[in-house]
Amino acid sequence: MNHSSATLSQEDLPGDFAIWIFIFAEMLAFGVLFVSYAFTRAQNIELFNASQLTLNRTSGAINTLVLITSSYFVVRGVEAIKRGLNQQCSHWLTGAFLLGGVFVGIKMVEFQDKFAADITMSTNNFYMFYLSLTFFHFMHVLMGMVILAVIIMKARHGGYSAHDYVGVETGASFWHMVDFLWIILFPLVYIIR
Amino acid sequence: MKYTSQAVAKPYFIAAIALFLGQILFGLIMGLQYVVGDFLFPAIPFNVARMVHTNLLIVWLLFGFMGASYYLIPEESETELYSPKLAILTFWIFLVAGAVTVLGYLLVPYASLAKWTGNDLLNTMGREFLEQPLPTKVGIVLVALSWLFNIVMTVLKGRKTAISLVLSLGMLGLAVFFLFSFYNPVNLVKDKFYWWWVVHLWVEGVWELILGAMLAFVLIKVTGVDREVIEKWLYVIITMTLVTGIIGTGHHYYWIGTPAYWQWWGSIFSALEPIPFFMMTVFAFNMVNKRRREHPNKAAVLWALGTSVMAFLGAGLWGFLHTLAPVNYYAHGTQLTAAHGHLAFYGAYALVVLTMISYAMPILRGRAANPERAQIMEMWSFWLMTIAMFFIALFLTGAGIVQIWLQRISVTPMSFMAVQDQISIFYWAREGAGLVFLLGLLLYIGSFFVKGKSHAFE
Amino acid sequence: MNNTKEKSNLFFTVVWLVLALLTIMTFSLGEAGMAGKGVMLTLLAITMIKSQLVANYFMGLRRTKFLWRVIMFGYFAIVGGLIAVAYLMGLK
Amino acid sequence: MSAKFTKSMARNVFYGGGVFFFLLFLALTFDTMKVLPKRDNSQNITPAVEHGKKLWETNNCIGCHTLLGEGAYFAPELGNVYPRRGPDFIKAWIKGQPTGVPGRRQMPQFNLSDADIDDLIAFLKYASEINTNKWPPNIEG
């Protein structure tokens, strides 16, 4: 697969390095939460397996597809801005933003069900991890959407060019992080038993 | 001194050192009371000595922060301070309020002090670190607001730099979170929950912004490294401080009645809290190694590097020792907590104020740096105080570990007082280290009076 | 210049489809309610592949310095590995 | 190091990260406040307990003792002194202070009336029934 830019010299990280320090910190926090979930489950498997069944696996899967697609839209947006096409970039990113909204909508329905069933972080250890992980990730999706919105605004006003699109790549890197954290979270919490 | 109004910082620094000395004297009294239980009883019971010790600590650090900001903001904003007179007025109000409060602790039984100072009106007294009577608390709010007003007006009319912005945010946070000291519900769990919003969100939140801004300022001055690089990393470090420190408040919510999920949130995020301190150490050494000039004030460079290392040891490492919930279950409320408290407060905040004083005082007295002999004396005092405090922390850690074993882990747990007798050897050693610390501090004060050829401004 | 544009966009679309496919596979394994060591390891492997795909191609780490790629791959390997260990411990 | 590492982006990440985690902290606080009544024994707060807490504060007990592990480390933990010693012992102890034994740690005499001591004990009883996730590890506190 002769990827067009594979031949380029070793580049630096896409986007501003400041966001990457934040990305690594978030990855560390989520990583510790994932591993803590796994080892806590090892101590009470029946509880975790039982409670896991009450989760809405379909909405989780749909959300995964939604986030992956929105991540794909962001990639297309970055490819567009690399060629200086501000408007096209803002359209792709708007698509990604709307899909983020879909994710948030589905998530809020899911949370509503749980709270209606009087399930909270104090119900049991599984729900504590489930709600902590999904809510922590949910807030990251919201933050990612705020970042995308800022970039969309600037792109719509032609704020970027083929030689200056660091801001777009910075927001894109954060959004992709939010995506792959969910890619790990979904099977771990919803599927694997 | 580029701006005449920077001279306002001088009284603040002098008051800070004087109160620091007072704090250490009462620390020594308490250290002795740990081994000779009835020392100075009933004239100064332990609880009174403790109030004076902890309140003097916070007040002398606040004096240091205020002095530092009155010194560095005019230089950062490249304009005169908005109102030097207001700064002097604030100084005297704060000094008098502090002195009267300490005298109140010492001369009047606490219960009567509470009755006479309107505690029945609004009950805010009797909580650790927040023992001040209501009028003093109101005074502190006024002092904080006038300090904030003075600094922000100066920044607004001058150059805006990352350092002045971060310092102002730290001061704003300090003022806002202190307001929670007025909220004292009957519900003990809520009382403690919001009490930590003053204590923790100060020392592991906004104070770290002030610490970062002060250290960045001194590093720019003594290393001459490009401001852009230093301020960029300042932002990164304080970002990590807020990312880990805010949710890190959870490590105080394990055993006070709050839900069990705090044990996960608190443990995970407070375990990450040493990261910003580690970054600060790497950052400080990196900047000094890449320095573009040899600043004559070598003592200030030592203080700055010492701050970054001791802050990481005291706040980072010693904090991590007992921050994870399963460990904290046994270490909560033992001498291990006291060890962390001492080393963290000294390493992070006492040292950064001393760094600022060591850098600014010679300039306030009209020279780039103190004479060689004075600097050597200052460096001796740094090593004496730092090593002495390190040993205080070591001895208290030893006491804490034995206390945890005897009182909490062993199958036949001993009573509190029986355990205290078993660890009195550590308390004797700690008192010895405390005396060495006092020697270091006296040497530090002496260094201001050493005459000799000083380095003129280049 | 034109053909590389189509090619890279097509490439990303392919990556997207692979990711979608793997997600559907994960979901169907879940729906089938299968459990046990083999399924767990398969699911974990799929998850790590998907994450690495996102990191390599969507995030563009493919073209960056070795250091960043090691950090990212190491993260997936360690997190995935520890989760596997925890689940294997649970099975005993 | 990435060629692109600007101060302005570092500042944006600082604002974004700071606001984000403070909002998250508020969310956790909101949930805590909601679930607290089931754990904080607040249903047993009586005027006696309230007055007892006032006495606890105005006599600066926290200056020597710890309560639920927080305070000074000079004297025993009092969060579970009620189950450890019982009300009568506590009352006798408070009235009998200071011991005056040379070299031993001394507790001041607070000259509290019997009613005051009963209120203080009511507060300590209330404090001992708060759900502290099974802390302290044993009765010694």
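Just so it is clear, A, B, C and D label the chains in written order, and each chain counts residues from 1 on its own.
One rule holds in what follows: a contact is a pair of C-beta atoms (placed from the backbone, for glycine too) under 8 Å apart; a residue touches a chain by one contact, two chains touch by 3 or more.
Computed from a predicted model, the values in this text were never measured in an experiment.
When chain centres are defined as mean Cα coordinates, C lies farthest from subunit D. A separation of 40 Å divides the Cα centre of subunit A from that of subunit D.
If you average the CA atoms of subunit A and of subunit C, the two centres end up 14 Å from each other. The centroid of the Cα atoms in subunit B and the matching centroid in subunit C are 47 Å apart. Residue positions of subunit D touching 2 or more other chains, listed in rising order: 5-6, 10, 13, 17, 24, 31, 35.
For subunit A, residues touching at least two other chains, in rising order: 12-13, 18, 21-22, 121-122.
Residues of subunit C in contact with at least two other chains: none. Inter-chain contacts occur between A-B, A-C, A-D, B-D. Within the complex, the subunit C residues that touch subunit A are 4-5, 7-9, 11-13, 15-16, 19-20, 23-24, 26-27, 29-31, 35, 39-40, 43-44, 46-47, 50-51, 54-55, 57-66, 68, 71, 75, 78-79, 82-83, 85-87, 89-90.
Of all residues in subunit D, only 5-7, 10-11, 13-14, 17-18, 21-22, 24-25, 28-29, 31-33, 35-36, 39-42, 45, 49-50, 53-54, 56-64, 66-77, 98, 100-106, 108, 110, 126-127, 130-133, 135-141 touch subunit B in the complex they form. Residues of subunit A that touch subunit D in their complex: 12-13, 15-22, 120-122, 135-136, 139, 143, 146-147, 166-167, 170. Across the interface of their complex, subunit C is touched by residues 1-6, 8, 10-14, 24, 27, 31, 34-35, 38-39, 41-42, 45, 49, 57-58, 61, 64-65, 68-69, 71-72, 74-76, 78-79, 83, 169, 172-173, 176-177, 179-180, 183-184, 186-188, 190-193 of subunit A.
By the touch criterion stated above, subunit B contacts subunit D in their complex at residues 30, 33-34, 36-38, 41-42, 45-48, 50-51, 110-111, 114-115, 119, 123, 125-128, 131, 162, 184, 186-190, 192-193, 228, 231-233, 235-236, 238-239, 242-243, 246-247, 249-250, 252-263, 265, 329-330, 332-335, 337-338, 407-409, 413-417, 420.
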